[in-house]
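In the two complexes below, subunit A is the common chain; its partner is subunit B in one and subunit C in the other.
Up next is the complex of A and B:
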């Protein structure tokens, strides 16, 4: 595969070009506390959101409930912190378990009934919207949990620059970044090197052949959806950490970005091929555009309009690149 | 002559499907088009109906040369066809299906009254008393078949092609269909009949063209001049009888690796008994639809076995799924349909071969590309798979190499019992010979092989014993003496004339 046909490289170039453009138009784009640190946090959240969708795109499935799975996980975390007073890590694990179970449930329904994943997760999304409202009304003042565990504040506000050994301080990197990085690496290793991840991809590439090659197809479907739920829950945690609150609105804005990252990064909707690095770059690109246009003082509606247009253009360019590559005989 | 197709040539990647085939049709006659699987009948029909374009040769209809750019062209030219596969839209009514390609319109909207009238006319031609508004999904298989013929008649056709029209019909229904065919002939149509059922062909057809290896070996001859045996001889030819593989020694005292005893399945198999020893090739011959692949899939746990016992190496077993078959019993299944079931076309060769062995290769659940590539290199060398790099996508390989990849997957998995389903369909003659040597060699290493094939020369070349299946039952088992003429006739006789109880023909 020629270098120019690599979608990741194209994304990277586009990313750098946009950063240069925004910096030229608004030097404040390079302001560390105003722009760069919040940008890191946002990219961290949406990279993980993208991975949550990627986990099922690997099968050629979709998870339309990605936002609501995140919300349910966040609710479980908030409840555990507020009512049980558990530590940061324990609460996180409880929430992740809830996300995983929700994903597994979706996977189970899909693999047992054979109903399309789009329909199953969409129905699940509807059900969870209602459930979340009921739960927050019952257990909180209706908006968010009050009690937060120790360490939550640091996750929200600190960067490594706040931690010094003698005179040497860390870089201006927000504390959620390494957390997201762990998820990225884990998912990358899973799909690249592990038998489980590879078998999920083969199931996505050709389910019939996978079954006839001895892959337990049904379990792989359940596992991929469980992973999606787990990652959605983790994204919910990261967003709650960024916002400083476990609230009912977590996950509301996850659905569209969850597709944008993977698709921009070259993950096939048809299944069988994923790009973890591409998803991170795709999430980065989306957030840079968002931040940049924000700095250029676009109104929210205009912002959405232009983001839509920019993404459409990016995807079309990507398609053109594919077609040209195909003509030159290079399979992408 | 109504229609002459002369010296047609058609090549697909890796296969010469037609190599100078000629078909001459006269108005007012029923013409049988015969040949073994892979002889080129379907390709010829697809060319005549505009599905494929020929690479050479020409089609002349009523004195004028015909260039077909698609199925609609063929329809307009007056060539109607009933394909082997069903081509009706289940949710549409009979009338809608019949006039699908030339809907009568009024003010831009469908003229339903005229549509019904036209449908009634076509159904009337066949003496069919069906309500044109009935959805096709509610018809029986036989009725749907007849509606397809009505659809073919709705275009004012001069030529009607029937590809295996009675495959899903009962004897009575078939008789009725042939009554209609005779009447169409008497009305001056040229009817082409493709069928594996020789007795039916002899009962209804006037002339015959026999295809073998893409060539016509008998062209528009009067059928009355042949006996059934002579036609079979023409169909199977003797080209392969010279191919003889080195003798293998099968230890006849060895206990069977796989034994089926009185097995019945949910799919309709009844009382199937067979056994394969290590180092032995048991051929399972039958026509398409005889239930051979279905038996293999039931064995692998993909379908329910309702009665009888399956024994692997002497122990009765219950196989749950393919993974179970592979890991617990060392049974592999090389599928018939490699593009849909055997291969992952958009995945690299390494993954296609490695998929069955990741479990063994994994260290702490992780598989490295290097270990995988080393494994694949071993098999590409051993099987002579020509690839440009291990990361090449399987979909870019030729048919023969694809088949080898799908075989390599099971060899890598260290199977002791291998079910190979139609290994050489769509593979050219030379690769085929190499493949046959490979299969014989595998048996030589002690593998127990169940070879499913509808290719007579292949079965006679490779098998030690041949079980013949028809209509989901075994019709008999023959010890193969590799004498092609004798074996092929014995097999064909078991199928075509074989309503005798199984075991009668056991040599």
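Up next is the complex of A and C:
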């Protein structure tokens, strides 16, 4: 494959071009504390949200409950921190477990009943909306948990530049970035190098063929959905860290971005092929556009219009590149 | 073909290890780079009034922004409603405005439970911050001050007005907004208090929450409510905008003898008061929030300090019936003037 036909490269070039454009229009785009560091935190959250969707897109499935799974995980974490006083890591693990179980449950229903994933997860989303309200009203004053574990503030506020050995300080990189990087790396390795990942992709490409080749299709479906739940829970944690509270509204805005990142990055909605790096770039692109338009101080209607237009342009450019690559006989 | 991804993953892994080693064994720098103490002349002050999202309630903020700019002689006043009721987006909007040079913030926090963290962020940069129109949940307010309707008190007044219109007895229904919002919880408590004071003469038949999303949701809820229990209801008290409009309309159409108490001074609601289909409405003071809030922010930027940081100030709520429909704006202006004086004399300490 020639270098120029690589979809990730196209995204990267677009990303760099947009950053250059926004910087030229508004030098404040390069403001480290007010623009770049918050941007890193946002990209971290939405990259993981994208991966949560990617985990089931690999099967050709959808997870419409991605936001609510994040909210349930965040509830579990908040409860653990507030009531049990557990450490940052323990609470995180509890939340991730809840997310994984919810995902696995969705996967189980889908694989046993054969009902479409869209329907199952949409129903689950509805059920969880109600449950989350009930739980928050029951266990808090109705809205959010007050108690935060030690280290949460640092995750929210600090960059590596705040940590020094002698005179040498780290770069201006938010502390949540490496956490998201772990998720990216793990999902990347899973789908690229592990047998499990490849079997999930084969299930997505052609379930019947996969079954005939001896792949336990049903358990691969459950596992992919469990991974989606796990990543949704992790995204919930990162957002709670960024926002400074475990509240009922976590995950409310996850659904659309969860599709945007993977689709922009070249993941097929039909299943069978994923792009982890593309998802990260897609999430980055979306957030850069949002941040840039914010800095240009568009009003609400214009903001939505331009976000839509820029995304449409990005997708079309990608399509053009595909077609040209096909004509030239390159395999994309 | 497989070397590409391997190198890429290797690169990521290396970056991760580097980052991890960089943190391990490092000491945290003693303190952050807060620039507190900077004083600005009015001409240097650039105020941003940021709402939680688009809502008719904030329209006066928009018009007031232009007026405040000339009245106070500040550098700039902008109004931004692009937060779309999402705290994450609002945080983004605020940081973008700060990057653009805005240095004083009046914020209607999207989620009262998270917003203290947002205020903390802005304060760390040394900006004066006002929580306008809504206070953070809990007892702590990290903003310099909160200037907002005392929603509990406003709901209490509204319920009292409804009870009075009902003749002091019967069944009351309360329609309100998002249940998982601390302000809604305060409203529910306010209505309950007024009902409790009747000593059992008035019963709170039902509290319907989550009907303020849009007018359609509210209309459906009202239709369902009237169909199921219409003949048993004597009064409906609304503490959110959309259900208020829907309830007035629904009761008018069904011709049931139900007394409706609404909120805010939307044209439709004022017309309903005039024709008697709404018994009373409870007004808030968004104009005062924007103008007095901006005034106090300018003072804070100029070197004044809050006597009690994080103080909560009630911007006022007014019960309006058909009798005083002509005079309410005078009351509201008087309250606004009084608030400004109170900031000068009590809440602000200037050198």
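Methods note: the second predicted complex is superposed on the first by the 330 of 332 C-alpha atoms of A that agree within 3 Å, B and C clash if a C-alpha of one lies under 4 Å from a C-alpha of the other, contacts with A are read in each partner's own complex, and residues count from 1 in each chain.
Here, a residue touches a chain if its C-beta (ideal position, glycine included) is under 8 Å from a C-beta of that chain, and two chains touch if they have at least 3 such contacts.
None of these values were measured; they are calculated from a predicted model.
Overlaying the two complexes via subunit A leaves subunit B and subunit C side by side, clear of any clash.
Of the two partner chains, subunit B and subunit C are each touched by A:189. With both complexes superposed, C is the one of subunit B and subunit C in contact with more subunit A residues. When the two structures are aligned on the shared chain, A:105 is found in touch with neither subunit B nor subunit C.
Once chain A of one complex is fitted onto chain A of the other, the partner contacts of A:215 are limited to subunit B, with no touch recorded for subunit C.
In the superposition on chain A, A:299 makes contact with subunit C only, not with subunit B. In the superposed model, A:26 lies in contact with subunit C only, and not with subunit B.
Contact with neither subunit B nor subunit C is seen for A:123 once the two complexes are overlaid on the shared chain.
When the two complexes are overlaid on their common chain A, residue A:86 makes contact with neither subunit B nor subunit C. Judged by the touch definition given at the top, the superposed model places A:136 against subunit C, while subunit B stays out of reach. For the overlaid pair of complexes, the smallest distance between C-alpha atoms of subunit B and those of subunit C rounds to 6 Å. Within subunit A, the residues touching subunit B in one complex and subunit C in the other are 189.
Here subunit A touches subunit B in the complex through residues 189, 193-196, 198-199, 201-202, 205-206, 208-216, 272-273, 331, going by the rule given at the top. On subunit B, the positions that touch subunit A within their shared complex are 300, 302, 321-323, 325-327, 333, 335, 340-347, 351, 355-356, 358-359, 362, 365-368, 393, 396, 409, 413.
The touching residues of subunit A, when paired with subunit C in their complex, are 26, 28-29, 31, 33-35, 38, 42, 45, 132-133, 136-137, 141-144, 146, 154, 156-158, 160-165, 169-170, 173, 175, 177-178, 181-182, 184-185, 188-189, 192, 239, 242-245, 247-249, 252-253, 277, 290-291, 294-295, 297-300, 303.
On the side of subunit C, the complex with subunit A involves touching residues 5, 8-9, 12-13, 15-16, 19-20, 22-23, 25-29, 32-33, 54, 78, 80-82, 84, 86-89, 91-93, 95-101, 110-114, 116-118, 120-121, 124-125, 137-138, 179-182, 184-185.
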